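The same chain A turns up in both complexes below, where it pairs with chain B and then with chain C.
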Partner chain A sequence: MQEKIIKYIEEELANEELDGGLEATEDLLGSGILDSLGMMKLIAFLEDEFGCKVLPEEMVIENFMTVAHVNDYLVSKQ
Partner chain B sequence: MLVYTLPHIIENAAQQQPDKIAFKYLSDTLTFSELHVKSNQLAQYLKNKGIQKGDRIGIYMPRCLETTIAIYGILKAGAVYVPLDPFAPITRTEFVCKDCDIKHIISIPQQTRKLKKFSGDTGLVSIIGIHQELSVATAISWETIFEVSIVPSAPVNILGDDLAYILYTSGSTGTPKGIMHTHTSALAFVKLAATMYEMQDAIYGMHAPLHFDPSVQGYYAAPYALATTIIVSDAHTKMPSSLAELIEKEKITIWFSVPLALIQMLSHGNLDHRDMSSLKWVLFSGEVFATKHLQALMKRWPFAKFSNIYGPTEANQCTYYHLETPPLTDVPIPIGYIWGDTAFKIIDPQDQEVNDGDIGELVIRTATMMKGYWNNPELTQASFYKEETIVGAPHIYYRTGDQVCLDKEGRLLFLGRKDHQVKIRGYRIELGEIESVLSSYSGIEEAVTIVINEEITAQKKLIAILLPSHHTSIDIAALKAYCQQNLPAYAIPDSIEIYNEFPRTASGKINRKEIEKRITS
Partner chain C sequence: MDFSWTEEQLQFKNEVISFAETKLNDSHLVNDHKLEFMRKNWQLCADFGMLSLSVPKQYGTHTKDIDILSAILAMEGLGYGCRDNGLPFAMNAQMWTVQLPIAQFGTETQKETFLPKLTSGEWIACHALTEPEAGSDVFNMQTTATKVEGGYILNGKKHLITLGPVCDIALVFAVTNPTLGKWGLSVFIVEKGTKGFETSLNKAKMGLRTVPIGDLTFTDCFVKEENRLGSEGAGWSITNHSLELDRCSVHASQIGAMERQLEASIAYVKQRKQFGKSVGQFQSVSNRIADMKLRLETSRLLLYKVAWLKSQGKSAMLESAMLKLQISESFVASSLDTIRNHGGYGYLTENEVERDLRDAVGGVIYAGTSDIQRNIIAKTIGL
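Presenting the complex of A and B:
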């Protein structure tokens, strides 16, 4: 799951050049990797790809800080 | 005290309410007196280093508390600050540094990785705010700055007419242009905004990055009114539910952002479970707020007054349109009425005033107007319209490039641009700049960019259409990477199409309207 998310961000969303690829622990929100529209696209991707529903109350910093956080959040929903 | 330069704002606030929180970022705060002392230390350090009045100093960091110390410290030293977008490609940032001869940059340790990529020929001497020495510049930490002793000396004589900051924005020729504001032009805006939006003792939510002109309200108008500014973190701007939670938790009374942030909160902010009743004013600017979303948000927040703010960076704010109840129809709302210390005309291509109700270009004469474009007297000259009503004392208007008309109620309506400038998520983009970057890529003969409105999401999409050189195939992924190196994120095309030939007008120009028709059909 984590690799799929990383691949999607690297290929479709990343706004800036990533030095040697995106790390699972890299700050997604405080950096320039994603902008607010990119985040909305990521959420749509997660819903399509993993068949989950990201509820508005779950769209919080704690769940999306890094790819590892996104992964943990998705696992907790399963 | 008499407030006629921007540093006076913080001196005055530190005298009036020293222990009041001036700025808050996440859980960290700075009182007015702490900000006064820390910015004095930075100013002293800069003076010790030989910084002269008028020298340009870059600020390279996402907004945070250090941003406030940087802006006031630089200004107190008599220098001019230049915000450098922390997320812009390095080549663009280096261009800005060279364009206005920046030798020193104020930053934070988190930016070190990017700072290491700056090349030696950028001309940097030192970076303030990081720990690690760079190959191209020395490093001085914030800890060192906060140990600087203030040496009594003759104060720098800063006048209202001196430059305060330069904001770089997209330029049609392919490189950004610097808009110069003085203490006087910024303060005229600050005083009008503080009064109009009743900022006295407010809790002000600041969403704008420093290189974006609405930030002037949060950094100066709010402290001018002794209000507390909550600096919204970048993480919050990307997570609508966290953003709504922040407004609720901090009991923000004045909110100012681009419409997109509000639309995202409306759709994903979990507003059913939030008490946002602290909001008294919701201000928005940068682009048109799709009326159906505005109506929906106003119904949710009936306790707040809304205000549509219009004004190019060159002139700060020019007009306002307040709404206390949701608009009744889907018609785009007006940009409204001209505000204080400002006059306007609507002119035709021959610089003659149009008849009442007719469409023309808006030109404005205002105390909040820029000094001109950095190092570009021709562009400065071309952007002003002079009216010689009094010999020797012409009235100087700024040509906004915006097409407007007056409606029967005397309100200004915005009807688009005269040129190829567009607004995406509040950012000004000259399509010419994107096209010039695309055309510079090997194998591309010509490039056109157009913007289409997506009905469902109410978002704008930037589409690039390319004409490759004969028999050349374009590697789209490589081209996108090239765009990332040379354009800010908001100016990178959302999609790219390849044409074998462009439709042309009779005079041989690319027929943009025809291309637009093909793309949207």
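Presenting the complex of A and C:
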């Protein structure tokens, strides 16, 4: 799951070219890797790819700060 | 995708049109001139159940939940029947950017405390995001909410707030964690009369003059913890959640207004005679009518597509940006074409043709300007 998310962010969403690839613990939001639109695209991707529903109240930094956070959040929903 | 409507949905739309035509059109010309908000008409709409369309049935006046497609069609009917474009605009602002977020993110106590008062028309609410220095770049806001024992202290100023001057409660966005940027915003329900919360008088403006719009100021304003909507940091999610539906519904009313405008234009150019024939017989005039029809129908298709996507629980970020851009720009262009087709008659305020143009211009600014919608579209498709 984690690899798929990293690949999608690297290829489709990252605002700038990422030196040396994206780490699972890298700050996606504070660092500006994802902007608002990127975040919404990521949510649409997660819903399509993993068949989950991201509820509006779950779209908070605790769940989306890093790829590792996203991964934990998805696992918690399974 | 199925674009057919049920009998029940169409019947509801027709009931809304006939309600609006018979009850809401008696004083808008004077209200527009004098910048007057018609509280009486707001109450009539609440009593009819319009304000309840955006909340679950237990918080409103309907006996069953209203699906988004029916709500959109009803708002289209309101825009068609109500000749005051300001009233549907203001109602939509409260319904989708205040009531909906409270229904989605609120605690049970918040829902029970605020929603019935809003849907019944007893209270009026506004959504306060924009600031003097943060418009399009709204997440760069300066208003702060500092955590203290039992709540938060708000300081800052909100600007251009629809219904601000007459609000009983305001949904206020403020920074709770400055290091997190847009992820550090939280939302508070601030009640009128709270110490340190002030509203400005209604501001004079070009169009939508029947809607009070103004500033809100917070000076060491204490807000109880139980009045925070959602968790700390939920501000981004709360805006995003309501945005697509707000764009859909406010523009549904504009579709209704564009249809009314087109019908009036056709009737006028048929009966107005120059050079021995109806002006509608001149191709320059009929071309404008054809363009108006095309704008109406392309806008309507986008509207129904977004409403359908939302009814399926899908995201509509690209589609709602295209919808907002298409309808708001179309309403401006068609309003100008209508004035051209009416000649000097259309230029006089008393004939109720030019008002649509003044009302339409706000649509290319509020809820993200046309430039911002173009940015979203370009970015979403890969630029």
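Here is the rule we go by: the second predicted complex is superposed on the first by the 78 of 78 C-alpha atoms of A that agree within 3 Å, B and C clash if a C-alpha of one lies under 4 Å from a C-alpha of the other, contacts with A are read in each partner's own complex, and residues count from 1 in each chain.
Rule of thumb we're sticking to: a contact is a pair of C-beta atoms (placed from the backbone, for glycine too) under 8 Å apart; a residue touches a chain by one contact, two chains touch by 3 or more.
Note that the structure is a prediction, hence the values are computed from the model and not measured.
Touch criterion met: A:53 reaches chain C, while chain B stays clear of it. By the touch criterion stated above, A:76 is placed in contact with neither chain B nor chain C.
Counting the residues of chain A touched by each of chain B and chain C gives the higher count for B. By the touch criterion stated above, A:40 is placed in contact with chain B and with chain C alike. On chain A, the surface patch touched by chain B in one complex and by chain C in the other comprises residues 29-30, 36-37, 39-40, 56-57, 59-61.
Every residue of chain B that touches chain A in the complex is listed here, in rising order: 62, 86-87, 89, 110, 113, 233-242, 245, 260-261, 264, 268-270, 273, 425, 459, 481, 484-485, 489-490, 492. By the touch criterion stated above, chain C contacts chain A in their complex at residues 104-105, 139, 179-184, 230-231, 233-234, 236-238, 240-241, 313, 315, 317, 376, 379-380.
Partner chain B is touched in their complex by these residues of chain A: 14-17, 19, 29-32, 34-37, 39-40, 55-61, 64-65. The residues of chain A lying in touch with chain C in their complex are 29-30, 36-37, 39-41, 43-44, 47, 53, 56-57, 59-62.
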